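Across the two complexes that follow, subunit A remains constant while its partner is subunit B and subsequently subunit C.
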Partner chain A sequence: MNNERDDTNFINRQSFIELDARERAKALFDVGTARELAGPFDRLESPWLPMQDVTPQADDGCVVMKGKISGQAAVVVALEGAFQGGSMGEVSGAKLTAALDLACADNEKGIPTSAVMLLETGGVRLQEANLGLAAIAEIMASILALRKHAPVICVTAGTVGCFGGMSLAAGLSSYVVMTHEARLGLNGPEVIEQESGVDEFDSSDRALIWAIHGGEQRYATGVADALVDDDTQQVADAIRHFISKGVPAVHRSSQVGLYRNRIEALDPSRQWDPRELRETWGTNGSEEVKR
Partner chain B sequence: MEQIKFDYPAKRKVSRRAHVGVVGSGDLEVLLEPGEGESSHVFIRTSVDGFRDTWKAVLDRFFAKYDGVVRIQINDAGATPGSVLLRLEQAVEVSEQ
Partner chain C sequence: MSEYTGVRGAAWFRTLTGQASPMSGDPASVLTADVPLGNDNARFLCVVPDPHARFPCARQGQVGLEEAYTLATRVREVIERDKNGTKQPIIAIVDVKSQAYGRREETAAIFLAAAAAADAYGSARLAGHPVITLVVGHALSGGFLTHGYQANRILAFDDDGVMIHAMHKEAAARITRRSVEDLEKLGKTIAPLSYDIRDYAKLGLLHKLLHVENPENPSEQEAQNVRNELIAAIVDARNGPVDLRNRLQSKEAIETRKASILVRAILEAQWMEK
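Moving on to the complex of A and B:
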């Protein structure tokens, strides 16, 4: 893909970021095949939020859809970044885990089923504390079980990005797709500034944040597999591309030696800048999406 | 968080349910479902306390035009009255598509 933006495409594109979680999930399926599971009228909402005077959402901010992508069975789970920062609670976590486990069971029965996670999330929902942490542990176990059979594709488009425990879920997935606007990291900018001081990380410096956490940098250093514009068609194409590729020969998270060597070779006594990291680490493991 | 309930007289049968909106800052979620009998029921959960009169004014205006027999649940995260009315009208539009 050409990283120089084409103005005509830019004007005619349908923004993916502007869609809500439900619209995002639906947009990825073959037309007319998507159906929602455990939707808002099933009222699987958080029992913990009202106890803390927080208004719950009828789907707990987690949309699960089953259908076909490129004619093959797939499940898409989309987190709603506008509701409680897309945070994972007991219910939303259980929905995501169950979706992955059902996809895994289908694969074991001989029905190839891929999974796509649309992650706009700050990680664990603090109001649900340990239950959220437990949910993320279950999600990670379910990803590990499913990714042996079928690709688990993570998309983070923005504007929330993917942080905290759910960045680990992104790290375990078979493929990561990001937009230029997306951010991916274990600790978000505010958390780093709060814990280590403004000298370490100025969370009001947007250029710095995107130079470290942004889609371009993550792609250039091999942490993401595809960098796409904020264009629904490009996101959908990237997902179709990775579904057709199937399970990668070696998952990123299995390349322990590669990443350990990278860290060991890094001299932490001096300040590295994002550009140097790109030059040092290159696009190892990443590839361009062919369209 | 405050919970508020209202009932309105209604007569027209509604066949389809509708879900619109997000419980995000300044926005709200509306779940509209076909009801029974001759009245509509509205259940509101709002993150902003103390605006019962404003909710009543918005819903009075909505039900002045809308006569469907429905159950409406609203999960609100501080939407303005204008946004609330727009979301309600959007829910009706979706349910009558």
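Moving on to the complex of A and C:
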């Protein structure tokens, strides 16, 4: 991808970030093929939020759609960052897990079905605490089972980003697509500042946050596979590209020797300029997505 | 409620394996040993505090970069070794404070390290290894997702020193804008919020709660009882599917995780329509 933006395209682009979860999911399918499953009219709400005087939502902030992408069966699960920060509760977690499991079962029956996860989430919904954490463990198990058969593609577009336990789900994915406005990490800056002190991480330092968690850095250090503009067409193209590539020979999270050596080679006696890592980790394994 | 001390993990690793040192080349914070268990040769793994760990934010029993990749390496070794033979059990002894909260960790993509360890455990399970988790102390948040939560069967001790949770109490209270007292009160009626392991058991995710009189310094008889429970869990895991469906099928889950079960049923029914 060219770093210089084509002004005409940039002005005419359709923002992906400005879409809500339902619109995002729908925009990725072949026209007219998408249908929502377990949608808001099924009223699958969190049973735990009303007990705590928190208003639930009829889709629990998780949209599941099935249809075709590039003519092949696919399921897209989109988390709604505007509802409880996209956090994983019992119901939203069960929707994601069940969608992955049904896709897995179809693959086993000989119907190739890929999965796309649109992750805008801070991780566990603390009002559902242990059931949120358990749901994430099950999502991870389901990704591992499905990705043997078909690619599981994670998209983090922004503006919530992907944090907490769900960053492990991103880590297990076959491919990770990010925008310049996306962030990906296990612990957010506020949490690190709270747990380890402001000297460890000053959460008001925006530049530092983007330098570490931002899409550009994650892509440049080879832990994300594509960096795209906030453009629905580019996101959709990236997904089609990775679906056509299929299951990677070795998933990144299984490349233990490579990353163990990389960690061993780091000097932990000081804080690093995140850019240093771009040189040593490079973009091996990542690739440009052609527009 | 218990303070994390990091004592229990090391104590139980020593008790069950008779060993207390890392394998060659590993950081001091990850203990691994292969020991006979019933008719099997089981691999035991445990993360323990190492005050001299290379990474400063991973010195009190947190699971950091080195811990995660070491676990992944040692679990994958077993998968590779048993590729064409009997799938030997893998036992995760869990007493982890949390994941490591540090700038270095985030920069070096600790999310991927944690995923790599979970990948190894989950892949072992899918390959047919009985993966059994024994929670002897704390099992918190990303630390538990990294080390233990991908197991076929989870056993835990039933005393106040055991805690399985998404986030420690003070932080959870702060983020949900409550006092710690209010959070504790809510936990009494809302099981997933509780920090009490007996309430956690109501969620239906555990295979079994075990009682040990002196969990920091177990007697040989108690150790033998725990070994027997591990052996029974291995047998049970070998007789069941390699996925995690048992966590929705227990008597407790049918009661507490009704919403999860309903979601699955509705999605499945609508999946095939049209």
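Rule of thumb we're sticking to: the second predicted complex is superposed on the first by the 291 of 291 C-alpha atoms of A that agree within 3 Å, B and C clash if a C-alpha of one lies under 4 Å from a C-alpha of the other, contacts with A are read in each partner's own complex, and residues count from 1 in each chain.
The rule we apply is simple: a contact is a pair of C-beta atoms (placed from the backbone, for glycine too) under 8 Å apart; a residue touches a chain by one contact, two chains touch by 3 or more.
These numbers were taken from a predicted model, which means no experiment stands behind them.
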item	value
Fit or clash between subunit C and subunit B when superposed on subunit A	fit
First, second, both or neither for A:E200, with subunit B first and subunit C second	second
Partner chain(s) touched by A:G132 [first = subunit B, second = subunit C, both, neither]	second
Subunit B versus subunit C as contact partner of A:A25, first or second or both or neither	neither
Touching partner for A:A58 - first (subunit B), second (subunit C), both, neither	first
Of subunit C and subunit B, partner touching more subunit A residues	C
First, second, both or neither for A:M178, with subunit B first and subunit C second	neither
Subunit B versus subunit C as contact partner of A:L146, first or second or both or neither	neither
Touched partner set for A:P40, first subunit B, second subunit C, both or neither	first
Which superposed partner A:F83 touches (first subunit B, second subunit C, both, neither)	first
Where subunit B and subunit C come nearest after superposition, their Cα distance in Å	14
Subunit A-facing residues of subunit C, complex	54-57, 65-66, 69-70, 72-73, 76, 98-99, 101-116, 118-120, 122-123, 125-126, 141-142, 144-146, 149-150, 164-167, 171-172, 174-176, 186, 189-194, 200, 203, 205, 243-244, 247, 257-260, 262-264, 266-268, 270-271, 274
In the complex, subunit B residues that touch subunit A	1, 17, 19, 22-25, 27, 29, 31, 33, 45-47, 73, 75-77
Contact set on subunit A toward subunit C in their complex	35, 37-38, 42, 44, 46-48, 51-52, 64, 66, 90-91, 93-95, 97-99, 101-102, 124, 126-138, 140-141, 144-145, 148, 164-165, 167-172, 184-187, 191-192, 194-196, 200-201, 208, 212-213, 218, 221, 223, 251-257, 259-260, 262-264, 266, 268, 271-272, 274, 277
Footprint of subunit B on subunit A - complex, ascending	20-21, 39-41, 50, 53-58, 61, 80, 82-84
